[in-house]
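In what follows, chain A forms one complex with chain B and a second complex with chain C.
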Partner chain A sequence: MSSNSQPQHKPRTPSLLLQANGPSQNDPPPTGAPTKSQKQMTKAERREVQERQRAAKAAKVTASGPQSGGPLAKPQHPSSSTSSQPKKTGRGSESPVQSRASTAAGSSGLPNKSTKESKAAAATAEEDAAVRSRGLRIFSHFALQKPTGHIAKGNVHPAIVRLGLMFAEFKICGANARCIATLSVFKRVIQDYTTPPNNTLSRHLMTHLSVQISHLVSARPMSVTMGNAIRQLKMEISGSDIDLPEQDAKDALCGKIDNYIRDRIIIADQVIQETAMRKIHDGDVVLTYARSSVVQKVLLEAWAGGTRFSVIVVDSRPMLEGKRLLSALVSAAIPCTYLLLPALGSVISEVSIVLIGAHSIHSNGAVFSRAGTALVAMMAKQHAIPVVVCCETYKFSEGVRLDSFTKNELAPSGDSFSCFPRNRSPASLIIQNQLNLEILNPLYDLTPPCSITAVVTEAGVIPPDSISSIPLALGRSV
Partner chain B sequence: MDFEEPNARPVSHEFLAVVLAGFGDQLDPLTSDHGGDPCPKALLPVANRPMIDFPLTWLEQSGITEVLLICPTAHRTSISHHIHSDTSSSSYPSLHVDVQTYDESPDEPVGTCFVLKHFSSRIQRDFVILPCDFIPPEDLPLSLLLNKYRVESNWDGAIITSCWLKAHGVDKSTVPEEWGQMRSSVPILWDKKSGTLLHIDTADDYDRNSDELEIRMSLLSRYPVASLSSQYTDSHVYVCKRSILDVLHHKSMFDSFREEFLPWLCKIQYQNSRQGKYGLALKSMTTKEAHALALRHSTLFGGSTLAQDSSWRNYGSPSLKPVTFSVPSSPTRPDVEPLTGLKIGIVVHGSVFSGRVNNIATLLEVNRQVLSRTSYTPPTDPDNRALIDAKSQISSDSMIGSSTKIGERATIKCSVIGRHCVIGKMSRIAGCVLLDHCVIEDGAKLEGCILGRNTRVGPKAELVRSLTQAGYDVEAGGEFATIRNEKLEVSDWTAGPEGRGFGEMSSGDESDNE
Partner chain C sequence: MTAIYSNSTPILPRSDVPNADPDASQHSFDVYEVYQQALADEEISPPLAAILSLTELVTRSDAGTMFELVQALNDGAESLKKRVPNPIGLTAGCELFIGFVTLFPHGSANFSELKREIVHQGKSYTSQVINFRSKIAELTLGFIKDDSVILTHSYSRVVIRALLHAHTRKRISVYVTEARPRGLGLKTYEILTAAGIPCTVVLDSAVAYVMNKVDFVLVGSEAVVESGGLINAVGSSQMAIIAKAENKPFYALAESYKFHRLFPLSQYDLPTHHSGILSFVHPTNRPATEQIKPSQHDVNVQNRPLASLAQTPISGQPSTASPQRTMTSEQMGKNPDVDYTTPDLISLVFSDVGVLTPGGVSQYLVGMFAGL
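Up next is the complex of A and B:
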């Protein structure tokens, strides 16, 4: 491919390298020639060119910022208009213009000494731009801007500030936990709230709560459970009677929140426990992945009910939540096996049932859960082992989710990636983001409905595809 | 017309800042009265900004708005005037400062604990204790400490979060011994992973046993991986829970917060007997129960490591031996009984800190540090500029206050000169700190001195490493020897016309410190 390239392309790439040394081409950008060269260069070469252009752009921004702001602005406009053509060619034509503009600005209006300085600055800035990590190349939308540094904007209740910090540091983690924590804190917020004059509780409280919610979202993206609970809460608020005195209205709202937690989470968990218990028989080997609060309750309840089974806990880094589940089960004297996800293949043939939890479940039956669940479910299905998802109905999300890439999060880093050498403390063995290394740990993944045998909810045991019929069956809107 | 009032009641503020302004005994001649007017330590300038400015701007930046400032009765008017005045240099627009006084005289200094007990009725929520002489390092925001406290008060039951900074290296010889020690670090024991302060070696412990550090086994069994260091000094910034004040009332013999109460509190973390006695008082039910249900559902909560779980010890079989060795440590170190624990948090910050500005040596050092960060430029204001003679040599690491008149051929090196000073011709000032309104006559030579307000130094006087009280009048030099290493104080009326050599002058250390 590169042999076909016309002779004018060859000097073109070196000229980009020479951009810091002086203007070599002052002619207007030939848009025809870059088009061909872009298409005919190999992917690697194109990426290389792109990198250099990006570095040059960064260098131009840092080095010649205040000095050549004026002359730079003008050449940028025509370049941006020409680059309205197909993106690739636009990128190719735009950056040579910019690099030439920077060198033109650097050499034209300034005495020699400052040109050298700006060139030197441009060179170091280029290096800096290359040295500075650019963040994740793929799935960069998983990462959230660092929120905990900022002071809360607006009238954020201190309890919400604390809750945001707990979320951001993953102290409260898990769909049920976050929902319960959010609702408990909202109770406090509502109790501390006073309606301003000339306003009604039902209208103003919503705006007040929206401020708090946006603070929580900036700490960590909202979970489906939180979203459903807040939607329910907003419905209750808008439906509250205007004539009620304020304290009564607030108490009524807090009561409704308590009922929600009790009905949709705690009692639902109890019903799920009883139903799922019946799926576990004596002598069974139950496999579970990471840690789900529901599954933990099911296992403990089943054991307390007299069934004698054993558990295999599959765990994965970096969160290692399975270790916590393991210690909870072991303290109840349940015989357990613990292994990491890559070792799943060696034990899967002994398993009789797989119990997993969910972050949320969607209308097409897909289950959004901790990263790694899809592997477990798929493997179990291959070995004809029933995969049972324990999930409350309030985790149901209306949308259809087909993949886990469009919306996901990054897991907190912090686990050491190697045990050896032993003479170094585990803290020093943690792999951090480095010059050429970006760590990507998605937090969630999607299990397709074909891998799931049944979903146990408080409304009964249903196949995954018929999740959407439950609200209708129960006479609810959510 | 409808006047929309904003939400009338603001969100209840989380923290109350308690700023303690003492007398400043160790800064003695500088803080003594200037002819009847007190010179409070809090208003002593560091790099031409009153000392109290630094913690107050630090508070502003972190978002705390309520401040309770406690000062001795004598200082009340001057401090309150400074804070509430409208001039732009000293107003803190978002702070609401409540100045309260405590009856105290310089002869009997009162410890922090007494002051806190006295004002405990005014403190109704979690509070931050700040000394007035704390100059925060630039890269340490107060919100760092506050966030740590916020998270830990729900997670571990933290009752105090303290901040320890790296002590300045011992720097001999530039200042006389009696001007005070810059570094006052104590050995501390803390757990790095969870940020828990475990043990502070107090002066009493040192007296009891100066060779060994005595630590309880219960501490070590709870925190087997602890770090011991003597390089850190206490910044005296504490974020505290309200319930501490209740415990403080029980312990009436404690005087100093830093030296007695805090080490005592550290011991509560692992001494079960004390936990039993004071645990209930310290735990506030609201913060725990608020998240108890949520935390029970949280996936990263609970489940101590296998080695620490006490129920493990019931199982003797070898297969149940702790397997933690081959398993890498989990990302969050599990907490022992997190719902019921008590914890003293610690934030250890690496930036070098020369200590609180409560003695002379630190005052000089902090001024020097600020000077090293700034560089001198002649004032742009033409009036000010006119006052500074072109022929004077001012080095770039000095700081000159506004409206200061500098005569010709004056040499100023590495010094801080206050406002409205008059520096005469041919004078040489090196490494000094001059407060406002000083008058240095022609030909005077000052080296390493600190001159209080309104000091007048006569012509051709020489002062080396001396301090003067505000309003002192140094006689002209000449046939008298240079004044070296002395604290010059204005004795009321016992000083005769001879001036020096009378009254309460204390001659300095004779050992050659050059």
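Up next is the complex of A and C:
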């Protein structure tokens, strides 16, 4: 991995110094590589450069002793844990390193950020070493968790800042909830917006919204649902009439947003409920994983409709979202069983149908959903149990996804502690990122289409790979 | 083609008679009767019969608006479904016709003209359907090699048509399953033998035995569903599984009016499945009846000389004296008529819209229905 990326880097600091300091970083010396400007570099490349500069600085200060780790050791290898190499970590951890980096640099990468960084580096090198964790390089691209207090750049609406915080803290999570929340806040943003003189709403509002969107994205990566909704919104904005009075145009846009929420989410959910509840029969055992708002509605609706079935809620750490579903089901007097993912094998033979939600669905029928879903679906497939995904068509994402490494997020590491042994206090058992420990909790995984029997959409029950045949999913209005 | 016209002509004059009193006609008109009459024709399959009877319903209907008409059609379809034990094929036909009526362009000046146009279209559609089968037969021919050995299941009009067509051009021999309990495989056997095609009836339980000898499996269908799977006479699914296990192609033939907007998740998710199927006998009466019955059989079996036991299967003609173990109608009632073959077991589906993979079928169906 590192060998691929190294020839592209052209560090600004003299390569000799770097060689003396961090052989693992610049081996071979990047002599032949063309010089790239900071803007041309990718994020990863810029990060690399910063790290080297910081390392160089640290080397000057401490006069860098011999490296205990071999020069060929992977950069993230924790063997050489001296303060002389404070910046060799991958980026995949939610450590304060990133918090400082991101506050200084923001998301778009300022051209002068490396100089800022290197000044700051020396000062904070020591504390970095203490609290930093070493990410696995393969997961380094997983979205970072931004610190809660990061500074809003530009003209960001207060409601957006608030929403960003809620996203970052997982106060609002779930594809539908986030999409609805985003659209509702955008309605306020649009209403509070006034077109500056010598500009038209249809052109300027877009740039105004882009700032808000990039703020939200910096808080937590955009979900597919939000992306689809925003694309639709932008289309509506660019299509709005220039001659329309401003307030009318804004009202029209808000109306469009309301319609989108109603048609693509609320009504769609109702149709899915009606369709999916017909797949639940008396005496069935329905298994579901984590919590999906649609699945919860389907189960409650089916129970209210008089079907008598029982539910197995499978859950897993760290988020334990199934608890919320469980409490909703139990308060509706549905017989439930609650278990964690490792126990799935013991109950799978009892199950008659698996009902799961989705974050997004892709052209090839692969379903991106809460981590662990793929395991449940594959297990069910192995036991010839139908796996039904409840998914609105606006969750469709064009493109083919083959694995869950290329794009993923990290779950908040709130609850990942063990309650054993019991003679130690729970506080001492909480696992945290340490120097030689990286907690990796990917938020999503990818369920391959072959382990999905059917997808329930508002356009009917379809096989997973037929989602692209639905015009509605492709954004074409009927 | 003539069959259709001869079938539809007796319906037409009757439709004119009660028009004087529309209310009376609404009461006396029984869509189910028309359906049964249509089915009496050898060439008419349930979806077609449904289309015919709904067309008839349109002629009889005194609906003055589109809404009323569609309502009447839905009611008619509903009453048909209730009275037929296996509504799958019928539903496919009703769905197609009602969808057609709903989307029918409102070009006509007045409504009765529109109705006449709908009836005309419905009739001309059913008359074209026989061409569908010839087209499928022609498509299938390309996949049949000379000297092929084909395994088929039960009785299907379109399979018969395809086999007879293939027989005119190539040498084929056919294994057909008996297809208990209705024994429709014997009907296939008679037709094919009469046409001079070498044909052998095999037991339903001998499918695995015969599979290695056949080149491919050819079955008809009751309905082709949205998953790309197939609903057909019970036994098709196991045939497909065995064919898959031996890597033999499994081809299904289906006219496009059998494409049905249904997505069964499993065998038990079919509309034909009810709690009676596969139910167990209540254990309370087991000591009383069930132990006596087998013991009677056992006595008989023991009384018989061993020689006769050995001979019966060979001769294939069980002697009348020996007790034939057959299922009672009650036992039969616990068995399904149709089963669901999952798309992963099907190689290709031949239909009048072309030769489709199961995935292609599902995309065709999703595009047809979900695009609305």
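The rule is short, and it goes like this: the second predicted complex is superposed on the first by the 320 of 478 C-alpha atoms of A that agree within 3 Å, B and C clash if a C-alpha of one lies under 4 Å from a C-alpha of the other, contacts with A are read in each partner's own complex, and residues count from 1 in each chain.
Everything that follows uses one rule, which is that a residue touches a chain if its C-beta (ideal position, glycine included) is under 8 Å from a C-beta of that chain, and two chains touch if they have at least 3 such contacts.
On a predicted model such as this, the values are computed, not experimentally measured, just so you know.
J.: Will chain C clash with chain B on chain A after the two structures are superposed, or do they fit?
T.: Aligned through their shared chain, the two binders fit side by side on chain A.
J.: After superposition on the shared chain, which partner residues are touched by A:A229: those of chain B (first), chain C (second), both, or neither?
T.: neither
J.: Report for A:T453: first if it touches chain B alone, second if chain C alone, otherwise both or neither.
T.: A:T453 sits against chain C, while chain B stays out of touch.
J.: Mind working out whether A:I353 is in touch with chain B, chain C, both or neither, as first, second, both or neither?
T.: second
J.: Of the two partner chains, chain B (first) and chain C (second), which one does A:I334 touch, if any: first, second, both, or neither?
T.: In the superposed model, A:I334 contacts neither chain B nor chain C.
J.: First (chain B), second (chain C), both or neither: which does A:L344 touch?
T.: Touch status of A:L344: no partner.
J.: So, does A:L443 touch the first partner chain B, the second partner chain C, both, or neither?
T.: Neither chain B nor chain C is touched by A:L443.
J.: Looking at the overlay, what does A:D465 touch: chain B (first), chain C (second), both, or neither?
T.: second
J.: Looking at chain A, does chain B or chain C touch a larger number of its residues?
T.: B
J.: Smallest separation in Å between any Cα of chain B and any Cα of chain C in the superposed model?
T.: Minimum over all C-alpha pairs: 26 Å.
J.: Which residues form the common part of the chain A surface touched by chain B and by chain C?
T.: none
J.: State the interface residues of chain A toward chain C in the complex, per the touch definition above.
T.: It comes out as residues 279, 281, 353, 384, 386, 388, 453-454, 457, 459-463, 465-466, 469-472, 478.
J.: What part of chain C is in contact with chain A in the complex they form?
T.: My answer: residues 226-228, 261, 263, 265-266, 268-269, 343, 359, 362-363, 366-367, 369-372.
J.: Using the touch definition up top, name the residues of chain B that touch chain A in the complex.
T.: Answer in residue numbers: 2, 4-14, 62-63, 143, 147, 150-151, 153-155, 192-193, 290-291, 293-306, 309, 311, 326-332, 334.
J.: Of all residues in chain A, which touch chain B in the complex?
T.: Per the stated touch rule, the residues are 148-149, 151-152, 155-159, 161-162, 165-166, 169-174, 176-178, 180-181, 184-185, 188, 192, 194, 196-198, 208, 261, 290-293, 318-321, 323-328, 330-331, 412-419, 426-427, 429.
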